[in-house]
Structure formats: C-alpha cells, structure tokens
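For reference, the structure I am asking about is given below.
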Amino acid sequence: MSDVKKFLYVNRKAPHGTIYAWESLEVVLIGAAFEQDVALAFVDDGVFQLVKGWDTGELGVKNFQPSFTALGDYDVQKVYVEREALEERGLTEGDLIEMTYEDEDDDWAEKSSIRIVSREEMAAIMADSDVILSF
Amino acid sequence: MALLHTVNKSPYQCTSLQSCLQHVRAGDTLLLIEDGVYAVLKGGKAAEALSAANGVKVAALSADLKARGIGAEKMIDGIEVVDYGGFVDLVEQTDKTQAWL
Amino acid sequence: MKLGIVVYEGPYQHEASDTAYNFAVAALQKGHEIFRVFFYHDGVNNGTRLTTPPQDDRHIQQRWSELAEKHGLDLVVCVAAAQRRGIVDEDEKNRHGKDADNIAPGFRISGLGQLIEAGIQCDRLVTFGD
Amino acid sequence: MSDVKKFLYVNRKAPHGTIYAWESLEVVLIGAAFEQDVALAFVDDGVFQLVKGWDTGELGVKNFQPSFTALGDYDVQKVYVEREALEERGLTEGDLIEMTYEDEDDDWAEKSSIRIVSREEMAAIMADSDVILSF
Amino acid sequence: MALLHTVNKSPYQCTSLQSCLQHVRAGDTLLLIEDGVYAVLKGGKAAEALSAANGVKVAALSADLKARGIGAEKMIDGIEVVDYGGFVDLVEQTDKTQAWL
Amino acid sequence: MKLGIVVYEGPYQHEASDTAYNFAVAALQKGHEIFRVFFYHDGVNNGTRLTTPPQDDRHIQQRWSELAEKHGLDLVVCVAAAQRRGIVDEDEKNRHGKDADNIAPGFRISGLGQLIEAGIQCDRLVTFGD
C-alpha cells in the first residue's frame, strides 16, 4: 500500500431534499487536509448538486453551492460528471456551475475541474479508486 | 371528492410520482414539492409522464424550484408555480391530501 | 380552515420539517387555525433542545418553539416514537430512570391518540415525510 | 360533518427497511379505540407488509406481523390490497397472511378482511375517504 | 480491482438497483441487503433486470430474506444466499465496497 | 482485515444501524479487526443514551455500547452532524452552554477527520445508510 490512496466521493442524491449532498461536501472539505488523491463523482441525481443558479432564500436553508466552487482552492481537481445522468435529466454541461483549479504543472493556468465522462468511464473510475465514500 | 396529491421525491430516484400518476383522478391536483420538483425539467425523461397526466392540475412549489436552480426556462409547459401560501390554498380548495412519501 | 400538520422526519437530514414549517407559517399568515402539529417517526427529533446548528443556518427547533409561543401552537411529540429515539421530558425521565431530559420549549410528549384526534377535529391533515 | 369519519391508512412501504410499516400499524391499533370508520390500503411496496412467513430472528428485530393478524379483534374489517401491485411483484393472494373479522350482521361468521382491488378501485377508495393517513 | 456493490432499496420503489447494474463490471459482486432483497422475487418485474446482469455474482442476505418471508421457492435462480459472515467474506474477497444508497 | 464501518441513519427508523451491527458482530467473530465505527448524518442519533425502546425489542444503543466495551471498539460520532441533531457530550455541553448531555457509554464525539483516517488506515470501508 502506498502512502497516498485514491479517494473517490460518489454523490448520487439531489440537494436539499436530504442533507447527504451538503454533508458529503463537508467531508470533502475536511478530507482535503489529508493530502490524499481526491476525486468526486456525480452520478444519478447527484448531478443536480452542480446545477447552477440556486436561490435558497424562500426555502430558508443555507446555500452551500459556493463551497463547490471553492473546491479548487482545496486542491480538488478531478470532478467527474456522468454524461448519461445529465442527458436523462435534460441537462447539459452549460447548466452546471463552473469549477476550476490552478494547474501547477502549467504555470498555474486556471482549468476546469469538471470532466464529463460516459457511464462506462464512470464505472472504470470507481474500479480504479482505493476508497469509495458513498453518499 | 377532489384530492391534493403531494410528491416529494425525485422521479429519477423514486417511483412515487409514477405511482401517484396511476392513482390520480380527473379533477385532482398534483403538487410537486422538495425533490419532487425535478419532474418538471424540460427534456428530462420524467417530464413525459407528467405531460401525459390528463385532467389533472399540476403545480410545483416555487421555493423548491428556486433552491435547485430551476427557472421558468427549464420547465415544461403547463406547470403552475405556487408559493407556500399557494400550497395552503390548494389544501383548502381540495377535500383532502394524500402524501406520496 | 382548521389544519393538522404531521411531520415524519427529523431536522436537517430531510427537508420535511422545513416544508412543514414554511407551510405552517403561510397558513397562519392566511388566518387559518393550526389545531396541532404532530411529530411522528423520526419527526420527534425536531423536539430536542440540544441542537447547535451552524450560526449561518436556520435553527429548526428554535423556529418551531418560537412559532408555537407566538401563535399558541400545540406541538405534540409521539411518546412511543420518542422513547425509541431518546426524546425525553421531565415525566419520561422519571418514569424510565433517565438522568437527563432534552425536550424543547413549546413541545409536549403525548400519545398517538392525539394524531387520531387531529384527524377527527381538523378540516385537513397534511403530512410531510420522506 | 358526521360524527364518524372515514379514515384510510395508505401503506406504501416495505417492512423492516424503514419503520414506517410498523409505526403505521401502531397508529391503527391506537386509532381503533376512537370508533371511526377505518380502512387500510396497501399499494406499491406496502403489499410486502402482508407477505406471510416472516422470520425476523436472524435480523434481530421484533416480528410485528402477528399484530396484522390481530386487527380483526380491533374491529378492522376492510383491508384493501391492490392487485396490480401484487402482480408486478410476482405475488398472489395466496402469498399473503390471513386476516379475518367476525361479521356481527351474519351471526358472527368469520370472514376475510382482505379485499383485492384494482388500481382504479383503489383510487376511488382514496377519493371516497375523509381522512388519509399516509405512510 | 473487483468491487462489492451493496443495494439496500426495493427496486420497485427506487432506481438504485438499476443504476448499480449500469455500473457493475465483469468480476464484480452485487449483494442485496435490507429492502434490496425484494429484487429476487420470482415473477416480479425487477427480477428480469437482475437476471440480465452478466458476469456478475449476485448474492442476497439471508436475514433480510427470512424477515420478509422470501423462501427459496420464491427466488429466481442464480442468487447466492449469504449470512452476515458471508457478507464479511464478500467484503474481504473484493477490493472495495460501493454502497448504492 | 482491518475494517471501517460507517453508519448514516439513526436507530429504528432505518435498518442501516441493524445491518451495520450484525455485520460488525460477524466480522469480530471471524477475527477481523474493526478499526472504527463512524456515525455520520442521522447516524449520530445511535449515540444517545436516552432511548427506551419497547422491552420486547432490541435496544440498539445498548447493543453498540456493549459491543464496544467487550471488543474495545472505537465508536465515533461526527461533531458537526451531532451539533445539528442534538447529540452532546460533556465538552459539547459546556462549549455551547447546554444544560444536559445525552451521549451514550462507549461513544465519543470527534471530527470528520476520523472518517478520512479510517479510509486511509483500513483495508475496507463499508457504508450503511438510506
């Protein structure tokens, strides 16, 4: 076992209806301090977590979407979003928030963290991880 | 005896909307709340079932739509958007409420 | 109209308690009467005074307690469900030999008959759960 | 409004996975003392609550199925089970527990409380009730 | 890197089994637990999807089958029944676990 | 093998805690090491000592506490999740000015880092939830 493990956070639930999305994000933020290899996966209703334009004022809950946007500052660079999950829900990449990181190997150029992958690729990403945190 | 049916689950995760639609009757009202509002997404697979609900008024809660970034441009036609006060009115206008939990 | 509100899920984990609260506020604003709010299943967990949510978020229990005080609401926690989940008032504490209670202001623990009574007395019963 | 209301308990969830089935039954048992017109409806996964032969020993939870059988003693005489829900799940009436009541209008003859109804009839039963308790 | 997938929801209520089956790979194992065991019912609509899962070992937890009255005669073929110890063995025999909650 | 067990739901409402417990017992019987049981989301509600379930049913909290004592298990309740749900130990009680605590024997409140650490240290992480 190497010192660094590949952590994959699998997010499958819609935001707000349950707290899974929000408290999953809190794990990612805390986990960033442990210097592991971190990736996030959004499948099924999990893709709704990244749909932009939340206004939670009338509902009266905290809007935690800005924390997703800030993940780049926590060195989270790999955010996998399943294409089929988007398509089934009538969504495209344009409906999602922007998530970026600064690439230290490329003169700190700002790059998108979001990678749209096929269902088959998503299955391979799960298989390739060391630890899956399921939400 | 008109019913108000509330559905609070995403139709992509749960079969409760489907079951509700199999039990609604003409004159009933369906109100989508919480994750149930995802049923209104234009181009989404679940929207077809909703569009096929004949003779039933379909409403969705504005607070839940807004919190999820679902603006009017993302919604199928024929959905009445109501606030919590409108929810209360729907309860009053119907004879009883069935929650499809 | 006279309303009964039923809540099946605890605070924060599910949106049910938020929806029920927002619905209750709207109903009161429109001049309706809320005969009772009945907390069942995990809904009883709304009635603990020991929560400390993040300061930039809503305080679900305090909201219910304040609404109850302002409008004289009857917030009833089901005793059988409460025993399974550890929601305890002074009476329950003594009855079961517990060393602490945790019930929040404005909530009271009572039996399932209170739910049936709400069904009988109210013009409408509205349920929020998972 | 008459003195007696038609209470309909709508049960849609499988037993054991969540406590809804069990705690719903507890409401029915308490509610029986109130002398209302009571009926139970089993739709969707709710029909699993009536599948006979539970053995909860290995799981380690209380077997509350006997309380269903005892509902006749609580004067619960109308138990509606949706035919389509059974069929989709590969079940028949023969897979269900027996539930009976004694008919006081027929010399206390023991009769089955279970009435298999179509989806359309179930919708009409919901429409005809005064108060729906949803589980 | 073989995965153990656990599914704990009824396939009649929830789409998690379906999603799981879309992500399993040859050599993986699927373990049905809690309400997930209802997928094994012979003649049930959900059993078809399960039967079509090629190259995947499918197991179900005995405690959950028994608690729900699902005897061997009610189950489709090809399901391995395991107790909690067998569950532990499956966790050991695979490389990691993904819970399809 | 070295196991981490994660529980997302409270007692009685969902089967998750039962499955996790039965799994833990079986793993110990087979000689495996349980590095930690981490309670997150509503799972923190397993850690209150104030429950009084019916006498003819299992006592979920006591089972966990007894298993922890017998095998030296580390039962960790996430502090952030616990604050939202009202699970309080002596420290938390003092920090937030509460007048009671409710943590059960064998449980301790700590941070989310304990979950990450379990992921790093354990051979397998097994999650039980809704």
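Should a chain be cited, it is by its letter among A, B, C, D, E and F, assigned in written order, with residues numbered from 1 in that chain.
Throughout what follows, a contact is a pair of C-beta atoms (placed from the backbone, for glycine too) under 8 Å apart; a residue touches a chain by one contact, two chains touch by 3 or more.
Predicted, not measured: the structure shown is a model, and the values here were computed from it.
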item: Pair of chains joined by more contacts [C-beta pairs], D-F or A-F; value: A-F
item: Interface residue overlap between copies subunit B and subunit E, same or different (over half shared); value: same
item: Centre distance in Å when subunit B and subunit E are each reduced to the mean of their C-alpha atoms; value: 32
item: Between subunit A and subunit E, centroid-to-centroid distance (C-alpha), Å; value: 27
item: Distance from the mean Cα position of subunit C to that of subunit A, given in whole angstrom; value: 35
item: Shared-contact residues (touching 2 or more other chains) in subunit B; value: 8, 12-13, 15-16, 34-35, 63-64, 83, 96-97, 99, 101
item: Junction residues of subunit C, two or more chains touched; value: 8, 12-13, 15, 22, 41, 54, 80, 84, 125, 127, 129-130
item: Per-residue multi-chain contacts in subunit A, two or more chains; value: 13, 16-20, 44, 59-61, 131-132, 134
item: Pairwise chain contacts under the document criterion; value: A-B, A-C, A-E, A-F, B-C, B-D, B-E, C-D, C-F, D-E, D-F, E-F
item: For the subunit C and subunit D complex, residues of the former touching the latter; value: 8, 40-41, 80-81, 84, 111-113, 115-117, 119-120, 125, 127, 129-130
item: Contacting residues of subunit B [partner subunit A, same complex]; value: 8-10, 12-13, 34-35, 38, 41-45, 47, 62-64, 66-71, 74, 83
item: Subunit B to subunit E touching residues, read off their complex; value: 12-16
item: For the subunit B and subunit C complex, residues of the former touching the latter; value: 6, 8, 33-35, 61, 63-64, 83-85, 87-89, 91-92, 96-97, 99, 101
item: Contact footprint of subunit B on subunit A as seen in their complex; value: 13-18, 44-45, 48, 51-61, 63, 88-91, 95
